[in-house]
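Have a look at the structure that comes next, please.
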Amino acid sequence: MEQMDGTADTPELQRLYEDFDANDLAPLWTQREGIQPFVPSPKAVPHVWRWKMLLEIAERSGELVPVGRGGERRAISLRNPGLPGTAYATPTLWCAIQYLGGHETAPEHRHSQNAFRFVVEGEGVWTVVNGDPVAMRRGDLLLTPGWNFHGHHNDTDRPMAWIDGLDVPFAAYTDVGFFEFGSDRVTDEASPAVSRGERLWAHPGLRPLSKLEDTASSPLAAYRWEHTDRALTEQLRLEDEGHPATVGQGHAAIRYVNPTTGGDVMPTIRCEFHRLRAGASTRLRHEVGSAVWQVFEGSGTVVLGGTEQSVQKGDLFVVPSWTSWSLHADGEQFDLFRFTDGPIIERLHFQRTWIPGVSDDGAGGTR
Amino acid sequence: MEQMDGTADTPELQRLYEDFDANDLAPLWTQREGIQPFVPSPKAVPHVWRWKMLLEIAERSGELVPVGRGGERRAISLRNPGLPGTAYATPTLWCAIQYLGGHETAPEHRHSQNAFRFVVEGEGVWTVVNGDPVAMRRGDLLLTPGWNFHGHHNDTDRPMAWIDGLDVPFAAYTDVGFFEFGSDRVTDEASPAVSRGERLWAHPGLRPLSKLEDTASSPLAAYRWEHTDRALTEQLRLEDEGHPATVGQGHAAIRYVNPTTGGDVMPTIRCEFHRLRAGASTRLRHEVGSAVWQVFEGSGTVVLGGTEQSVQKGDLFVVPSWTSWSLHADGEQFDLFRFTDGPIIERLHFQRTWIPGVSDDGAGGTR
Amino acid sequence: MEQMDGTADTPELQRLYEDFDANDLAPLWTQREGIQPFVPSPKAVPHVWRWKMLLEIAERSGELVPVGRGGERRAISLRNPGLPGTAYATPTLWCAIQYLGGHETAPEHRHSQNAFRFVVEGEGVWTVVNGDPVAMRRGDLLLTPGWNFHGHHNDTDRPMAWIDGLDVPFAAYTDVGFFEFGSDRVTDEASPAVSRGERLWAHPGLRPLSKLEDTASSPLAAYRWEHTDRALTEQLRLEDEGHPATVGQGHAAIRYVNPTTGGDVMPTIRCEFHRLRAGASTRLRHEVGSAVWQVFEGSGTVVLGGTEQSVQKGDLFVVPSWTSWSLHADGEQFDLFRFTDGPIIERLHFQRTWIPGVSDDGAGGTR
Amino acid sequence: MEQMDGTADTPELQRLYEDFDANDLAPLWTQREGIQPFVPSPKAVPHVWRWKMLLEIAERSGELVPVGRGGERRAISLRNPGLPGTAYATPTLWCAIQYLGGHETAPEHRHSQNAFRFVVEGEGVWTVVNGDPVAMRRGDLLLTPGWNFHGHHNDTDRPMAWIDGLDVPFAAYTDVGFFEFGSDRVTDEASPAVSRGERLWAHPGLRPLSKLEDTASSPLAAYRWEHTDRALTEQLRLEDEGHPATVGQGHAAIRYVNPTTGGDVMPTIRCEFHRLRAGASTRLRHEVGSAVWQVFEGSGTVVLGGTEQSVQKGDLFVVPSWTSWSLHADGEQFDLFRFTDGPIIERLHFQRTWIPGVSDDGAGGTR
């Protein structure tokens, strides 16, 4: 009889394997470890994309490729080197640099996929979400939850670039996405400093009495840099004063949340902002689920799966599932935005974290 | 045989009723309607207390009664005329004016009862909640959720008065309350403009990564007037611009919420702020559950159970369960704070609302 | 100046206290401990009612008092000796023996108050809940959640008695109750062995695909003795086999739950069944919230607030909040039903338990 | 300038596309519709596998391939013809026939992936889940939630086959899976008729007081056919009697649920059983998410994406996301088991259903 590893070979066995194939079947025993590895073994690899390169290539695209209906967006996505043939940063997350020239408009559409934009530099574009014009400025996080119509228009003479994050790979893989065209121009070309969503919702701890029903995604279309910066500044000051506030020594961090629930901003995507004091480090850590980071300000070192790299303003890097990572701030404060598929992992109860030297070992630990 | 109304009278029946009494029993049939009325029939009555009177009597108490351990607080509570022998505004809610002279201290203690303070005028007192000094200023809502140590100290030469709201009657009735003395002085006599709780939590849509566990009560000790005022102002502006934002025509309102859940600030007490434009009215409405209102600014008319009264800055009034109420703003903007036992009613699924002319009739409507 | 205990006496002070009264006010400092005691200090007292007495007095009522519209039910409620002038077993719970003669009918009505019946002996009555006839038999728990029409009819020549449990005191105190008359006779006089609710819902772990929306109260109108008995029997057998299953040594127990949520059967009332092996005891325990117990079978000893009593089949006893209690089974298996206001206490976050010698001390322990 | 469809071609543009490639980037505009289609466009296709073929090939495997450590299971999985190179029935679901000869043992292991077994015929194997031996019999659903040790042993001389369902493809794609070997033999070789989990939990509406904490997956290891059959039989009888009980005319159905929550049995997999009366049909329906069905008894017709097929006892078929499906029972009662990725879809808020002629059209409907 054959060994369970599938190596033995007799005519009967060969016929059996042929019959598996012919009948659209596959034996588990020859591939068990491939599909059920001892620890997560992502095909996606850690990788760094440089902002300088991204911006330069986006500018060239701006000259050569018009934006309009069909292609919809002048967005250039990070393709994980471990996922050739795709346009995906990780198996679940899509990340792109998007570029809009002076007075250009990206037409309105809507889709099941959840989306956000984060602005590492520049301003002048308004994203119009279900008819509400939302200014985009440096340090802002802007949301476009699933099935909200949205388009962008540049109200200035200068181009603007930013990053987009979506759950496009997840939605494609699980076959859940719908898409619909909307207006060819944005439905409201006004350029207010503050969106209507913020005017209703961006008051700490206050909820409109007209909006008591919880929503799956945050009703707050914009999370402004001034609030993020202040929250992080206060955490570090509280740490200085001896009070618990930071997530680790010298490491302030906030999660962007849905004010109707206190939970993640969208059902599939988690957004956070991290700040390390000059000289501070995070412990090496393995986490289930994948993440994309962007350096917002300062420079530092990131160790990804054992390889160290220097990163600076605008640089993007991906951390696949269970790949170890740590951050170190060099001579100055180090600010980073990150987004992850954390809500997918947690809502389906697959979360696990391993901090060598602190928590249990990764392979055998209980969840 | 006796009729079910209990009126018949024979020697046997009389003996039966005597035996009920002797055995600690009571027949339902003689009192069914008393204990299960067709609609809620509160003993508490609608009533108005004038701020002028309250402040004057508080000042006299300040001269005559020291504040200190044992009595704990120089607080004078509203006693509902329908609930004689108690100190209760409604069956579930306690409301008092509290008064602290220049440089006085109310000693620290903690109790299961949930508490808040709301400031209709003045400043200069810090309430110290679990060691965190929280400035009290006009228009602020300050929380002291159950089992948090708290004391107050007046950092100035001038007295200050404010209102306290608690679930004391509910806790007394259901026998759930514990009480413990703490420090005779406040544990931190600093007088910062902003509390540590606010520095961590008062950033719209941002949650500290070090505080991801939800809490039964809000971690935000102070809700500042500037935020409340701005939220209401924006709602009315949005209404002017044609967008849905207010809870009724000319009627802006916010609910104070726990940022970890988006729900009520404390498990038993709901806090809200309402603003009516000059000339605006609310529809007459019956609601299950009781409420206490305080006029914050402006003047207007309140119709309580069919009786109309004029109210002005600082005046307090109670609305017992199912008592009809409506508000009307006279010649100026009308601002009111209210607190209710809404979370009790809703978590136990007793909520029902009747707006004559809009929703079903009160007695026979489905819940 | 007066001491904070309110004992000093001057003309000014006397005038102040008179003015409090005249203005519907009450000072906190003279009554703080009364309304905010160090530990819960219920007026309700522990008490035992004997089944023999209850049944005898119910039979006499059956002869003397007809059942019908207005009085609605021939129910005789336990009046806690500490709550004179009421018909209440505890501040939150109402408990009565109800008696229906052969072929009598208790007319249909509905109310906001949640209700159940538990049968310690007898059979022959059907309670008709929203048109679904539910047989009542020894050991069964039958639910009538708030606002469901219900009436009872005796399909036999023999009288039947059982206990009713409701949240009537809580609803009366908080002013939340509505009441409505229904049909003078039950709307379905059939007498099936199994109700339609059970036919849909009483299948372990199986949910009708036509009923995916969760309900505040259990859709299962009857919890049958055969299931309860089997569950308890299996717990004790598992304990014998060395597996964790019981809540304490020799102490099996189940909670009746809403199959749509796994939580309590109704928003305000918790129902449980406890079985002690011959000779087994429970540890002395203090709990926030009140309870009513009924001995179902066997006999034993209950220690209530330090006083020991023997109880037998059908006897009822109340345990007020924070009153210590323990049970001891004498020479035979000891079966008891209990219901409590646990859901009220837990949903409002007031729960606390103290087991002397095991958990922290009661007064100073953190919650 | 290039058109947004990516067709234009100039040297500059060609260089741009080469530079995308060289820098691990991909433009959105050339592939937007591929990754964000108008409606879900699964690669997986509808397909039927015949039980006769599966059983025959499993028997041959039983002769030729031993079961043991490494390969772990003699399981032969359905490979969707639209997903060549995989072992997956759908992008999220794995389904296999597993075969265990007389007195064989499949060794213990555990993994993050959630698993169940369903038995269409036969008996004699015990699956041991975390040390609890669970008998497997015709019509039973047996659960092995993530990270529970489990092995199987055949206690008889006869072979047994059944189907396994897992979330292996989802876990592989999202990189969330851990795996660990356990005992080479099952840790408890007893063969009780009822598992300990059932003895604790399989009592309708009764929860052990020792197990009040909710669990992500059901604690009930076995859902027995006698309960399922009875639940479906009662639904059809209730329909006959004129009461709402079935999900459609002549169509009874139950969902297997976690008794601690009333929700799905495991975080990623939904299990249901459907019964159609002879002659009954379901409406054609499109649903987001994929499913695998197995005919349990009877025969009928299934229309999958417009193609009609006859299916009989044991036959398996897959329904990819948004592929239309309907069932028709021929001359006899038609019983089917199904499992889906419904919990993934719903927890992440991607659910949408389209029933042509009843609900809105599929592409443009609101979610």
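We just call them A, B, C and D in the order they show up, numbering each chain from 1.
Just so we're on the same page, a contact is a pair of C-beta atoms (placed from the backbone, for glycine too) under 8 Å apart; a residue touches a chain by one contact, two chains touch by 3 or more.
The chain list, named the UniProt way, goes like this: A, B, C, D = Gentisate 1,2-dioxygenase.
Note that this is a predicted model, so its numbers are computed, not measured.
Participant: What's the chain with its C-alpha centre farthest out from chain C?
Facilitator: A
Participant: When the centre of a chain is set as the mean of its C-alpha atoms, what distance in Å lies between chain A and chain D?
Facilitator: About 30 Å separates the centre of chain A from that of chain D.
Participant: Could you state the distance in Å from the CA-based centre of chain B to that of chain D?
Facilitator: Once rounded, the distance between the two centres reads 52 Å.
Participant: Between chain A and chain B, what's the gap in Å when you average each chain's C-alpha atoms?
Facilitator: 43
Participant: Hey, what residues on chain D touch two or more of the other chains?
Facilitator: none
Participant: Give the pairs of chains that touch; include all such pairs.
Facilitator: A-B, A-D, B-C, C-D
Participant: Going by the contact rule set out above, which residues of chain A touch chain B in the complex?
Facilitator: Contacts found on chain A: 196, 199-210, 212, 214, 218, 220, 223, 227-228, 230-231, 234-235, 237-238, 243-247, 253-262, 265, 272, 274.
Participant: Which of the residues in chain B come into contact with chain C in the complex?
Facilitator: So the residues of chain B in touch with chain C come to 1-6, 10, 12-13, 16, 19-20, 23-33, 35-42, 44, 47, 49, 53-54, 57, 60-61, 63-81, 86-87, 91-92, 94, 96, 111-113, 146-147, 168-180, 216-217, 267-268, 288-290, 320-322, 341, 343-345, 347-350, 352, 363-364, 366-367.
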